[in-house]
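Take this structure, written in C-alpha cells, and hold onto it; I'll ask about it next.
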Amino acid sequence: MVNVSEKQSTLRMARAKGFVKISAEALTAIRSHRIAKGNPLEAARIAGILAAKNTPQLIPLCHPLGLTHLDVQCHILEQGIEVEASATVEGKTGVEMEALTAVSVAALTIYDMCKAVDRNMVISDIRLVEKAGGRSGHYLREE
Amino acid sequence: MVNVSEKQSTLRMARAKGFVKISAEALTAIRSHRIAKGNPLEAARIAGILAAKNTPQLIPLCHPLGLTHLDVQCHILEQGIEVEASATVEGKTGVEMEALTAVSVAALTIYDMCKAVDRNMVISDIRLVEKAGGRSGHYLREE
Amino acid sequence: MVNVSEKQSTLRMARAKGFVKISAEALTAIRSHRIAKGNPLEAARIAGILAAKNTPQLIPLCHPLGLTHLDVQCHILEQGIEVEASATVEGKTGVEMEALTAVSVAALTIYDMCKAVDRNMVISDIRLVEKAGGRSGHYLREE
Amino acid sequence: MVNVSEKQSTLRMARAKGFVKISAEALTAIRSHRIAKGNPLEAARIAGILAAKNTPQLIPLCHPLGLTHLDVQCHILEQGIEVEASATVEGKTGVEMEALTAVSVAALTIYDMCKAVDRNMVISDIRLVEKAGGRSGHYLREE
Amino acid sequence: MVNVSEKQSTLRMARAKGFVKISAEALTAIRSHRIAKGNPLEAARIAGILAAKNTPQLIPLCHPLGLTHLDVQCHILEQGIEVEASATVEGKTGVEMEALTAVSVAALTIYDMCKAVDRNMVISDIRLVEKAGGRSGHYLREE
Amino acid sequence: MVNVSEKQSTLRMARAKGFVKISAEALTAIRSHRIAKGNPLEAARIAGILAAKNTPQLIPLCHPLGLTHLDVQCHILEQGIEVEASATVEGKTGVEMEALTAVSVAALTIYDMCKAVDRNMVISDIRLVEKAGGRSGHYLREE
C-alpha cells in the first residue's frame, strides 16, 4: 500500500455512479413489487453500504478508512436502474474506491435479485463523478 | 434465499466479461510496468478470485457454493482492459453471480491500481456471456 | 470442532424465533415508515440472511455448511417485533446455530435502526422452536 | 449510514448485558469442565470480542469504529449465564451496537457449546445498561 | 484456482505442526495463569479453528471446502509451545492449507497474548506432518 | 482487549521477517515462471497485505487499526524465500501483529502456490526485527 503516514488528515468526499440495463418487462416487475426475492432497491442499498465498508478487504491496495458517511441511492429510469453512491471520511486518503465499490456491489445485487426475470442485463458506466478534499483539488466529471 | 433444497446437484458453469476503459497513456504505463502500486493485472486476478469465493457475503441472497474452479483473465486491448472470469461448481444453483463478482472486483482493482495515472476510467459491459448446467439449459449471449 | 466426518449427510431443518421489545411510539414510527435510517424490517431480513451464512466465522466451533435455504421474517406485534428464521441444509450436522444467528443479528439490526427513537429496547426469547432431520429426531418446542 | 462527518470525536463508552437460561444439569457440566467442546466461557469471551470488532459488517448501518477497549465477562448464576460487555472508542458515534453485538454472539457461542447437553436454552434480556460520552448525555438503565 | 471439478470426492486428512519459541520467564507466566490478556492456549485454539475455516479468504488460490473436523492442540514444552492442527474433509482437494493456516494463526495468537512478557519470541517449523486421502497417497514426514 | 483509550496516538512502525525453506528444484521453477498457479511472489504480496488489514479478525485480542502503510517483499535466496513486511500506523498501539500476520500469510501463500512441486517446505523464523514509536522505545532485534 502507498505510504500515506505523512499526509494530512482532511475531510474527503467521493461520489460515483453506475447503471444496470434491464428489460422493460423486468422493470415493470420491480415497480409493481413482483420480484420473488424481495425489493431489489432496498437489498442493493444495504449490500452497497456493507461492501463500501469492506473495500479494504476487496481491493488489495486500499487503505482502511473510518467512513463517516455512506449513502446509496437507486433510481428507476426508462432503460434500467441508475445507482449512485457517495462516501465521506476524515482521513489521509480518498474514498473513491469506497464509492465505486458500493455502486458495483449494489448493481450486482440488483442483477441477482432480477436475473430470474431478465438474463440479459448489463452493468455499465461505473465511474467517479465527483471527488473533493484531497491534495489534487475538486474533481467534477464532465458529462 | 430461494429454497434450492430439492434441486438436483449438477455440474454448472458460468462465464462473464467486463471492460475497463483506460487512457492510452495509462495503458502504456501498464504495459511497461511503470505502475507504482505493482502489476494491475496480477492484483486484479487475485482480487477477482478472492471476491468470487466471497460472493455469498457480498450479494445478500446468493447461496454459499463450493467452487471447484475459478479463473480470471485480463487482456490489454486498444482502449482498455477486458476482464473475463469463469466459474464452475457441482451444486444445486448456478454460478453466474460468482463469475460476475469476480469480473467486477477485478475491474475495480485495475481502477485502483491505475487511478493515479488516469482519473477518468470507466468500468462497463459487465455481463454474463455463457452459462451451462442448470435446468434452464445452455445460455450463450449473442454478441 | 466435533468430528462429523463419518456422519450421514441428510436434509436438516431448523427454525428459531426471537423478540425485540419496542415502545408504542417507535412501533408507530416503524409502521408509518418514519425511521430515518430506512425500513428496519427489510434491513433486518438482509442482515439476518447474511449473518446466517457467516455463522462458522462468528461461532467458533460451528461447521461450515452449504445452506440451501434461509428465510427471515419480521412481524410487528403489539409490544414489539417478532423475528423468525428457518434454515435448511443437506449436510452432516444441524443448522440450529444458523437459524439462531439469523434471528439474533436481525434483532440487533432492528435495534440499530430504531435506537434513535427508543433507547430502552430489549431483545429476548431467542430460542429454537423446531428442528428436524438429524439423528436425534424431530424436536418441537412446547410453547 | 447517518452522516457523522461533522460530529465531534469524543471518548464514548457503552455497556450491555444478556442472559442465557440453562438447565441445572448443563450448568453443573459447565462448572465441572465436562463440556466436550471445551470451556464455553472462554470461547464466548473470544467470540464476543471478535464479533464486536466485526459489528460494521454485521449491522448494515453501523459506522466503522476503532475500538480502544472491549471486554466480555460471563458469570454463572443460578439459572444460567449472564453475559456482560463493555466497549470504548474515541470517535464520532456511540458504541452500543458493539457492546450489544458482543453480548449476542457470546451468548450464541455458549448456546452452541452447550446444546449437546441442553436443547431448551433461551437467550434473553439483551439490553443496553449504560452509555456515556455522546451528545445525549449519560444513560443508565433503571433495573 | 486449479480446476478440480472432475476429481473424485474422497475423505481427506492433513496434520500440521509449528513451534513458538518462548523465554522461560514467559512460559512460567503462562503455566501459572499470569498472562494479563487471558489463557493463550485457549485463545490460540479458538483463533486457529476460525482461521482454518477462513483459509479460502486468506490464501488466494485455495478452494472452499466444507471441513468436517478441525482440531488444534497446544503443548507447553521446555523451550516454548508446540502447536498441532489436524483437518478433515470429504472433498475434491486436500486440506493441508487448512491445517497449516490453523497452526500459523494459533501461533500468532500465542505471540500476541505473550508479547508483553517476551518480545523475542520466534515462530518456526510450520510444516505438514501427515496427509492422507488424495490421489498422491499417504504422506508422512520423516522427522 | 487491553484498554488503550488513554494512550497517546503516535506514529508507530514495525518490521517482521520469515523464511520459507524450498527445494532447489522448486526455486528453479519459481525463477523460471513455471509454477502452474501463477507467480508465487506476487500472490504472496497481495495475500500478505490483505491479511495485515484483517489482523483484528484473525488475532482475537488485537485492536483495530487504520494502517497508513503496509509493504510485503519476497526475496529468493539460496535455500528458499525470505518474506519481509513493514507496517505503519498513527495510533494508540503497536503494529507488530500486523507485520507478523502479513509475513505468515505471505509465507503460507508461497507454500500453497508451490506445494505441487515441493511437499517438504517448512516455514520458519517468523519474528519481529524492528519496532518504533511506542512507549517502550526503539526495538531492533540482534541478528
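Read from first to last, the chains carry the letters A, B, C, D, E and F; within each, the first residue is number 1.
Heads up, the rule we're going with is that a contact is a pair of C-beta atoms (placed from the backbone, for glycine too) under 8 Å apart; a residue touches a chain by one contact, two chains touch by 3 or more.
Computed from a prediction, not measured in an experiment: that's the story for all the values here.
In summary, the pair subunit A and subunit D forms a contact in which the copies contribute largely different residue numbers, shared numbers making up under half of all those used.
Sharing over half of its contact pairs with D-F by residue number, the repeated interface among A-D, A-B or A-C is A-D.
Note on interfaces E-F and D-E: more C-beta pairs are in contact across E-F. Note: centroid distance subunit B to subunit F, computed from Cα atoms, is 28 Å. Spacing of subunit A relative to subunit F, judged by their CA centroids, is 32 angstrom.
Distance between chain centres (mean CA atoms), subunit C to subunit D: 17 Å. Distance between chain centres (mean CA atoms), subunit A to subunit E: 38 Å.
Shared interface positions of subunit E, i.e. residues touching 2 or more other chains, are given as 2, 38, 43, 46-47, 50, 54, 60-61, 65-66. Interchain contacts give a graph that is no line, ring or star and is not complete, per the touch definition above.
Across the whole structure, chains are in contact as follows: A-B, A-C, A-D, A-F, B-C, B-E, B-F, C-D, C-E, D-E, D-F, E-F.
Looking at the complex, you find that subunit C touches subunit A at residues 38-39, 42-43, 45-47, 50.
The touching residues of subunit E, counted against subunit B in their complex, run 1-5, 7, 56-57, 60-61, 63-66, 91-92.
Against subunit B, the residues of subunit C that register as touching in their complex are 11, 46, 49-50, 53-54, 65-71, 88, 90. Contacts from subunit D toward subunit C in the complex involve residues 2, 18, 36-38, 43, 46-47, 50-51, 54, 58-62, 96-97, 100-101, 104-105, 107-109, 111-113, 115, 119-128, 131, 139, 141.
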